[in-house]
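Down below are the structures I want you to see.
In the two complexes that follow, chain A is the common piece, with chain B as its partner first and chain C second.
Right, the complex of A and B next:
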């Protein structure tokens, strides 16, 4: 008799623990992947609010519109995982888009695109080299280059918007698979590639190690400086890619393009859950953040809300995401 | 090595000032109006708005945090003071503006000090929020003071006292008060201790949360005063009037030599940094360069200044 009671108690306890552990694992999933939950809620809300939101065409739109911030965000994630930050991505984007259009006449379309991409990588390299060699925090270095590179854009364009004379240039990214544009496909390709780099290659694993604890990474034999230079260069290159694609989409390049996009980029990356302090995050989360941001902006525009609502919602969402992240992490550590 | 060390020490002590002196000499050689009292006062009057904000932000930076919301805050408060001036008169408009500035400072300070959220992200969010609030308030249209010639509101930005523009006086006295608070009060010492080692100061009984909150309130209040000067100087405001100020302010603070990691810095360094930046920009304009060339020069100047400082501290140029 007592034996069966004991067994019952035992099995009850087992069930309790299994319930507890499954609810814990759900909590853990929410904690680590809350961006997808958030994206889902956004999708549902906007689908209910606007009949145009959840259509194939519009989803394709969201992906294309998000891609431009997306390229910057992929690069920013690499840099942020290192515990650094790059504020100059918006200016780099503007420079590469100005070069891609401005040099077309003199050297032809493809060489101009090549120069534009290289300019992105070059200024990324300069940022990384300055960070690695001087030991100045990347916030200061890239705050400087944010202004400096924008200055170069203004000097190159002479304060005027450049326009392509060859309209076939704007046709290049007009390739679609279903509703997904070439731009979005390139973005997902890069995100996939760098997720693979992060999770499967030595460089990726070292990225986390450097961001987690730079000193011990150095002592473990990782070449921290070279490593950072590579990540900054990649970040610049991705900004260059975004610039070229944006110039193709618009057919023009104006010197003020992508002003304060570095802020939207940081918002997308942080929404995804990557930590500014480095060592924690992934490309998937960033993709989630980018799509959520794009869906939010797109949904608000479909609802015909005035411009300021979008700014206010973004600010509020960002603070809430931060509070949520904080609460979930502290409940984990308790 | 010894020579290098000596050179870097000299560079640290006199490098920035020396470089600045060379710059002043070069510019005044090619542009005789550069170092006239009139132009010098003009430059200081121009930097007084940036400077007022920078004095407040210096407190935040010394605690090891950032305030990127000051540009948007300047926009909102300038629009507020100009618009309210037309509706309820200057005195109440100023009161509203200062009250709003304190309120925004409290919100920033609560989120960062009490909820311990990352200051970069919170003030970034605030930048976006306040920009939205400005558009909501003004509907995106420009506001103008309807009677700019008669109102006594012109005192703050447009008049002079003993031949020196009033904004310069306000800047000067704010710097004095800020310096006094930072160097001579318990609060000032707490600000330094938090920037030096937050955990240690918490364990030694410093109310770190409250001190951080007050630092943000000071930053907000400085921006409020700057908005009043700005509104009075321009007698109008549009929704982009404060755009980019957060970067100029930070550049000035960094140029002055205040560490972004917190724990060190003074108000005077900030004043010098902001003023030097003002002279560099003014000088480049007088030399006939387009306004955007100054951004390029600012880039070089900031990185050189910080690098020289760091190199002298560690005795090596590279890490």
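Right, the complex of A and C next:
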């Protein structure tokens, strides 16, 4: 008799511990991916506040609107994991969008797109090479290229907005699966692809190693500079992709396009939980950060919030999210 | 006699202002533990960094298995089978144990995809061989220091090292962890690996080493078989000079009790620390790194808050909640790491000196430049600081002169008690002597001085009385003739070997 009772107690204890451990692992996931919790809260709040928010159409809108910052954020994540930063992404986006539209009459649409993408990759490469070779902090280098590239945009456009003469150009990205646009699909594709690169390939894992502890990475024989150049180039290329898709969506290219988008990009990445100083983070976090940012903007606009209130809310949210991140990580280390 | 695996032949390495290694020759045989001993700054770590490719020598050659080799990078050293287990562990905390073990040489297919399964399996074999109870996929930031060290040692297994260099591996380990480490070292030796073992701890060296080489001021003093030597001989070789002539003990009149500490405790750092200091007295606080010395000093100074115990300073019971209060009451702490804690290297000497006590030199919040300049010139002469002027940036000064400036900075607040944490670390011999002399002058002027140091000759040379700490406890007190190297070693290692 007593034996069976003991066994029952035993199995009950086992179940209890398994419940405990599974709830612990859920807690851990929430800690590591807190941005999704944050997004969920935002969604609930806006759904209650506005009947238009939680509709299929609007969700699709949020995803498409978020994708442009999203491309930049994917590139920024690579660079940031490496322990660097790229402030020139907004200017690079403007340049490639101007090239894609400005060149299409003289060399045709597809060659113009190719040139636009290559210009992004080219300036990314230049950024990376300068950072790797000079040893100057990327904040300074890319601050310089931000201004320089923006200058090139103004020269190229003659300080005026360029317009496409071929209206079919704006119809290229008008492909949808349900509410999800082609632009959003490309964004998710890139995020997925680079998450795979980060978690599976040598380049990806060494990117973490370099950002985490550059000295030990160097002493272990990892080619620190090469990884940085590759990541900056990828970041530039992704800005190019965003520029081309934006020019398709708008049909125009303004010289002032994507001003301070580099800041929104950094906000999205950091909001996601990727560490500003490198070595920790992932594309999942960045995707979460991007969507949260887009949902916030969209929700506030649906509620007809004035522009300056919008900025105040966004600023507050960013600081709150980072405080949350800080408390979660410090409670974890205890 | 086993085969000689690695030879360093007349290695010369200069740094700005110092000759770190002056014609050092050294060899390591397969299957032996060769200890490298010397005071701080004797050149041990520099030599090891030359052998493992982190530094390149200015002159001299390295031979590996009889062939002359040029080791330019750590990677080239690794390819030869020379691996360094760092003093301050240098792993990537956000990567897994396996990823750290294979750092720089992850197994990939031709597509660049890392074969994690293969890597984890191989890492697990290595970790199991070392008797580790954690898996290869655990993140390094979740591992204790001792386990992180095992990860570094596992690196030497997977890269099939034939020379393994341990740079002060037991500095922060507990006794059991140390025993486990020694097991591993012995099994490596059995496999025929040549091991270089750097340590300050005499008892450990005599426990594990087959041969001992002593370095002093960048030169080899001797290489002996451990069984034919004694702790006394090695100590003499390390110091190599008559202490009484070299150091300056203050000939001061010991005054009233100025500081009294009663059962001071911070959980996890130190426990029940009680002692007192009188004015005009120089008290040495000796212990190995991690013994809790600096933490005690920081608690006195208000950087840390004690869990229990009381501090009586200048007949008042005090509990400073910030260094500012401590400074106002007449206490000064010259920190161990002057670059991060003591000086602003981008500023000149004048600003650095008066920065913490600008109120003393200011009218209505505006610093009085003439006063400042006068103070600067004053201490420049007193301490023989070599600088081109009050505005020369400190980053252009040598370590010794920087250290003198830190000292000056705290002295111009006219403290009653000054705590010096490792006052001569990384300082050249000439400046050392000037600093020691000045410590004596201070005590003779009636200040109470606490000198924290891991250099035995220094503590013995300057102190009237020495307190020893080990593993967070005060374990001994010595005065006069009792202040010998043997006693101090016995005191601080008594606990670690027991």
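By definition in this document, the second predicted complex is superposed on the first by the 307 of 334 C-alpha atoms of A that agree within 3 Å, B and C clash if a C-alpha of one lies under 4 Å from a C-alpha of the other, contacts with A are read in each partner's own complex, and residues count from 1 in each chain.
In this text, contacts are C-beta pairs under 8 Å (C-beta built on N, C-alpha and C of every residue); 3 or more make two chains touch, one makes a residue touch a chain.
Since this is a predicted model, take the numbers as computed values, not measurements.
Trainee: Check whether A:89 is in contact with chain B, with chain C, with both or with neither, and answer first, second, both or neither.
Mentor: neither
Trainee: Is A:230 in contact with chain B, with chain C, with both, or with neither (first, second, both, neither)?
Mentor: Neither partner.
Trainee: Once the structures are superposed on A, label A:318 by its partner contacts, choosing first (chain B), second (chain C), both or neither.
Mentor: In the superposition, A:318 contacts chain B only.
Trainee: Can A:222 be said to touch chain B (first), chain C (second), both, or neither?
Mentor: So A:222 only meets chain C here.
Trainee: A:140 contacts which: chain B (first), chain C (second), both, neither?
Mentor: The first partner, chain B, only.
Trainee: Which chain, chain B or chain C, ends up touching more residues of chain A in the combined arrangement?
Mentor: Comparing chain B with chain C, the partner touching more chain A residues is B.
Trainee: Touching A:99 in the superposition: chain B (first), chain C (second), both, neither?
Mentor: Touch status of A:99: no partner.
Trainee: Identify the residues of chain A that lie in both the chain B contact region and the chain C contact region.
Mentor: none
Trainee: Touching chain C in the complex: which residues of chain A?
Mentor: 200-203, 205-206, 208-209, 212-213, 215-222, 279-280
Trainee: Give every residue of chain C touching chain A within the complex, in rising order.
Mentor: Chain C residues touching chain A: 54, 73-75, 78, 90-95, 99, 103-106, 108, 111-114, 116.
Trainee: Taking the touch rule as given, give the residues of chain A at its contact with chain B in the complex, in rising order.
Mentor: These residues of chain A touch chain B: 85, 130, 132-137, 139-141, 143-148, 150-152, 154-155, 159, 225, 263, 266-267, 270, 276, 306-312, 314-316, 318-319, 322-323, 326.
Trainee: So in the complex, the part of chain B that touches chain A is made up of which residues?
Mentor: Chain B reaches chain A through residues 111, 115-118, 120-122, 124-136, 140, 247, 250-251, 254, 260-261, 290, 292-296, 298-300, 302-303, 306-307, 310-311, 314, 318-319.
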